[in-house]
Amino acid sequence: MAGNSFGNIFKLSTFGESHGEAIGGVIDGCPSGIHLDLNAIQNEMKRRKPGQSAIVTQRKEPDEVKFLSGIFEGQTTGTPIGFIIENANQKSKDYSHIKDSYRPSHADYTYDKKYGVRDYRGGGRSSARETACRVVAGAIAKQVLKDIKINAYVFSVGDLELNTPYTELDLTKTESNEVRCPDENVAQQMIQKIKEIKKQGDTIGGTITCVIQNVPIGLGEPVFDKLHADIGKAMLSINAVKGFEYGSGFSGTKMKGSEHNDVFNSDGTTKTNFSGGIQGGISNGEDIYFNVAFKPVATTMQKQDTIDKEGNTVEMQGKGRHDPCVVPRAVPIVEAMAALVILDHWLLNKMYQ
Amino acid sequence: MAGNSFGNIFKLSTFGESHGEAIGGVIDGCPSGIHLDLNAIQNEMKRRKPGQSAIVTQRKEPDEVKFLSGIFEGQTTGTPIGFIIENANQKSKDYSHIKDSYRPSHADYTYDKKYGVRDYRGGGRSSARETACRVVAGAIAKQVLKDIKINAYVFSVGDLELNTPYTELDLTKTESNEVRCPDENVAQQMIQKIKEIKKQGDTIGGTITCVIQNVPIGLGEPVFDKLHADIGKAMLSINAVKGFEYGSGFSGTKMKGSEHNDVFNSDGTTKTNFSGGIQGGISNGEDIYFNVAFKPVATTMQKQDTIDKEGNTVEMQGKGRHDPCVVPRAVPIVEAMAALVILDHWLLNKMYQ
Amino acid sequence: MAGNSFGNIFKLSTFGESHGEAIGGVIDGCPSGIHLDLNAIQNEMKRRKPGQSAIVTQRKEPDEVKFLSGIFEGQTTGTPIGFIIENANQKSKDYSHIKDSYRPSHADYTYDKKYGVRDYRGGGRSSARETACRVVAGAIAKQVLKDIKINAYVFSVGDLELNTPYTELDLTKTESNEVRCPDENVAQQMIQKIKEIKKQGDTIGGTITCVIQNVPIGLGEPVFDKLHADIGKAMLSINAVKGFEYGSGFSGTKMKGSEHNDVFNSDGTTKTNFSGGIQGGISNGEDIYFNVAFKPVATTMQKQDTIDKEGNTVEMQGKGRHDPCVVPRAVPIVEAMAALVILDHWLLNKMYQ
Amino acid sequence: MAGNSFGNIFKLSTFGESHGEAIGGVIDGCPSGIHLDLNAIQNEMKRRKPGQSAIVTQRKEPDEVKFLSGIFEGQTTGTPIGFIIENANQKSKDYSHIKDSYRPSHADYTYDKKYGVRDYRGGGRSSARETACRVVAGAIAKQVLKDIKINAYVFSVGDLELNTPYTELDLTKTESNEVRCPDENVAQQMIQKIKEIKKQGDTIGGTITCVIQNVPIGLGEPVFDKLHADIGKAMLSINAVKGFEYGSGFSGTKMKGSEHNDVFNSDGTTKTNFSGGIQGGISNGEDIYFNVAFKPVATTMQKQDTIDKEGNTVEMQGKGRHDPCVVPRAVPIVEAMAALVILDHWLLNKMYQ
């Protein structure tokens, strides 16, 4: 209810502030008997962690997950998996300037008004550091769902877009460059763009596309817990996300029904896939694909006016180490949240069998 | 869990198929002591109901809500509000052609695969008829939230867009035309477009914009139940919705942080509102606004090939009475779902006070 | 959250006041493809309904269930089952005396204080009439669980106890007498006792024992949703219940571990069953048995002093038609709630398979 | 869903096995701005911890709670409170004898059957060690509820009962002796009894009474989430509990309505309190009191036959360090669970104000 749990059957509850001692979580409902590959989990952490390349924040965090329960002799036991990730590289003094002031387009103001008190260091709970816990749970979910492939990649940085449908891309190339775009040519342009933006002390938005393949038919619980509704919520819960569309999305609104309808093949598959793999809220076995919009990071290195708690105007300039563009590091987060939703619905759907 | 309940504190559970005896629901958690204006509720039903104009389906349904509990001497009592809406105008024989066949881009196939059995008449549970129950609950929520204004309107039909920001529109004019677009000029073009599409036996998509004003600061429960994440899920749960964006949305991804940041006034309001009234998942007191994308209705009056249960190709043509474009009737549904989310979070937020 | 839903996967949400137009509910999460025997459901209703014998309230209610959705051509479809039961025999004028006064040991006072307003007629929502909806859902649950046998019976009326363990009783005889005690001899004494109490214008308490057989091993979700914890909550949610014990219960507290431990047979069954079929919150395949304590009905036909809303002392005397002892009619309610819990956990446990 | 979370608004999710690295949990929904007294929390831990006296298990665990989030400069921030308790004194080799065998009346067998794998060391997740996390959360809940007094004490050990109603006891004396019985004379007899039982290598059951005072009127959410139903579930979820009764409980079933009814005073209080402070599932402002039945600990130091995984008979004898009677250490657990329920309902009830 208070908002820090996600999922019904496979349920993640997280805790932790950016500059507290540790962040962590509890995964409840993980099936038993899963032999976990801990390296694979740590590898997902590396894809998200700061300092991984020249185009992301230069903060250093080892981001090592420590599992405390629910795993015995390498296998999940069906009991809750508790884990923590220590906050190693807190430089709290970087944040003393925001103790009594509100950064524009950050959550400082709303947290203060809602709770009356906040841990201002590094954004506290509102920091995207929290998403590390999502990646842990998502990495486990991926291992449970081993036959289902979930691949996200950067589709655009600012107005620089990858104008190729996912069906014509080699998604295994996503990790071959720093920006996580599977087209090497466009990737280099994106990297260049981010470097320029960074040089200006500014930031830029972008979009991520995610493709989920080999999803069994039948996942999704209409009428409210439609599969795409739960995926959409999952994506919108990620820091900085402003929009979500699946299948034909916003551009589908310009189409006619006669163009948009996905005609069946005799085996129940469809000739086109404007529907994005979901009909009536239930997966139909086709690929699920969707786009997620990320706003530009609010912390810039440029000076700007803002207010303090008393409403006085103060000048502020970003300190610390921040991302000029959030999408390269958000790719594993999008995949993780997708995995959580798919696994939860996959478990739910077992009831019908 | 099985997907037919929405909300945590103010919770709607619905039931009913398109061509069964009745649809209905239970609203649990409605505060007591609310003097309900039943006419206002029925008026919201009229905005959604079929047969209201020349550009919507010509089915006739009185859509009269009958309340069975939870209201005593005109006031809510705090106990659950049960209600039913009879299905008056079922023409089940219109649907015998889909008993054993799957309409393209409909939920026939996925329901059959998931549940093994389906009430095929009129789409059964997957019919948008179900949204009538959402409008009932939303109409009650609006009355509880009396100081909060929720206004949706048609922003586009196909590629015909209303190129005016909501701040320059007179939203009281939305109901002055059949298509529910507050700009009379654009409205007439939209109506014309829908009529042409209908003449072709085809359908067209569109988008709806919704604006929520006077929302108190503090609604939203990070990190997963962010206010916009719950609004997004609510919208994506509506039939035919393919996308959701709030504030700057997808276009915000092309902006720089220095442009996108909403600078504070000394009273905590902001000079711009790219954030869409929500920061870190919590309302900041500014207007909340968002767009919802609807695909073209899948049932066209044109002939198309599809398959039956055995995988044989069969020719199909839409029968019955269908909407050529769903957005005019979807406006009150978008408002209703928005009201459900805002009220639920408003009640949740009382815990912090 | 607001308390009118029960269960996670197989979820019942109910509505309705004693003297409103109808009571009813929504059952969400019922598996599809179940051929429902509607007579069997109505038969359970008859076991609960008023006017069935000389020792229960003489109110007349046909208590006919009307299903509105979720069932198609005799089968469940996996979509929510909506149902209503009309309130046929309301004599609201019987209750004008409690409009402004609070009956002792009734919920009049607490409802008024909590909600500020109440439908006083017949106790409104706090009336045990609400349990009719539980019986509907329980009757469906029983049909889904067809191999699991759930049998409740009256164990005591006042201090008159059935001193025979359930293993030595023929539980098929429970329905052979009005009081629902499987020992004919004790049953007649109980009936006699209730008649005497009724003649005095008084009421009396009693206990019900319930036995659940053929439960598969593995139901229950430790550590909080232990099977017996959920059964206990289910029972305690029934009107007038004051206590719950399972297996050795309160008398087990007087035993030594060496006596109480259930020694295994080589097939995993146990030689004794002090545990009551549950170990560590998980069913072990042995019989689950438990006792439920019901207080004496608060409405007596004797005069008593009470207070009105202003705190003035007023004299009150029960009017209307009330049960002198609640246990005979509570037997099917206990079974219904047990069925809801077992089915919910049975569906949950499918995730582990 | 998977059973390791408790509460709706103030929600505790726990993890951890008896002999893993640590146990811990996440408390979500704690109101912000609470100045926490960490010593008071640690003090509650001491009341539960092993090794505290001669009549409890001699295991040594410091049971120090380490808070990782949600508290900033001594105050709760409204964000989730993560905490861990290290398992310091694991002697896993004590448990090698149960690796392949099932202890009678323990959860070894049911965990193995449900999950297919188990951490057998010290009972793993089924160990009462898990309740330490409940005490942490309960201690915080008590501080939030500062005006509400929750006092539990040992009412009986075996057949040795404290025959004094709570209203005639000085509950401040509960902590003055090792067994936690507020009557010093009876306490000494209980201690003596437990020592004798221990000398026999046996164990004994007992009951705990709990009294909650100063509860505001209005807590509880009928019809299913009645206040006593949630308290009952909370108690039944504690290891070894076999029964729960509140107010007049099982003995109330022997009373007549004319004796049992609690007559009002003019201020709405009642002259008697057979109802146990709850009417219709809602607190009425009177004291809430209830009894909880604990079975004898299953691990005895006597030899007994049991089976291994293959069904072979093996002889087993308790090793390690175990409680001869669980009730002295269960007193703070009962209080903690009571505090969780009351706080959760207290927060929920704010919605009505």
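The letters A, B, C and D name the chains in turn, as written, and every chain counts its residues from 1.
The working rule: contacts are C-beta pairs under 8 Å (C-beta built on N, C-alpha and C of every residue); 3 or more make two chains touch, one makes a residue touch a chain.
These numbers come from a predicted model, not from an experiment.
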Neighbouring chains common to chain A and chain C, by label: B, D
Of all other chains, the one whose Cα centre sits farthest from chain A: C
Interface composition of copies chain A and chain B: same or different, split at half: same
Length of the line joining the C-alpha centres of chain A and chain B, rounded to whole Å: 27
Separation of mean Cα positions, chain D and chain A [Å, integer]: 39
Inter-centroid spacing, chain D versus chain B (mean Cα positions, whole Å): 46
For chain A, residues that touch 2 or more chains besides their own: 1-5, 8-9, 14, 29, 32, 78, 114-115, 125, 348, 352
Chain A residues within the chain C interface of the complex: 1, 9, 29, 31-32, 78, 347-348, 350-353
Chain A contact footprint on chain D (complex, rising order): 1-5, 8-9, 11, 13-17, 20-26, 28-29, 32-33, 66, 68-70, 72, 75, 77-82, 84, 114-119, 124-125
Touching residues on chain C, where the partner in the complex is chain D: 1-6, 8, 14, 102, 104-107, 109-111, 113-115, 125-126, 130, 156, 158-159, 197, 200, 202-207, 217-218, 220-226, 228-230, 232-234, 236-237, 239, 242-250, 252-268, 270, 274-276, 278-284, 291, 293-300, 302, 304-307, 311-313, 348-349, 352
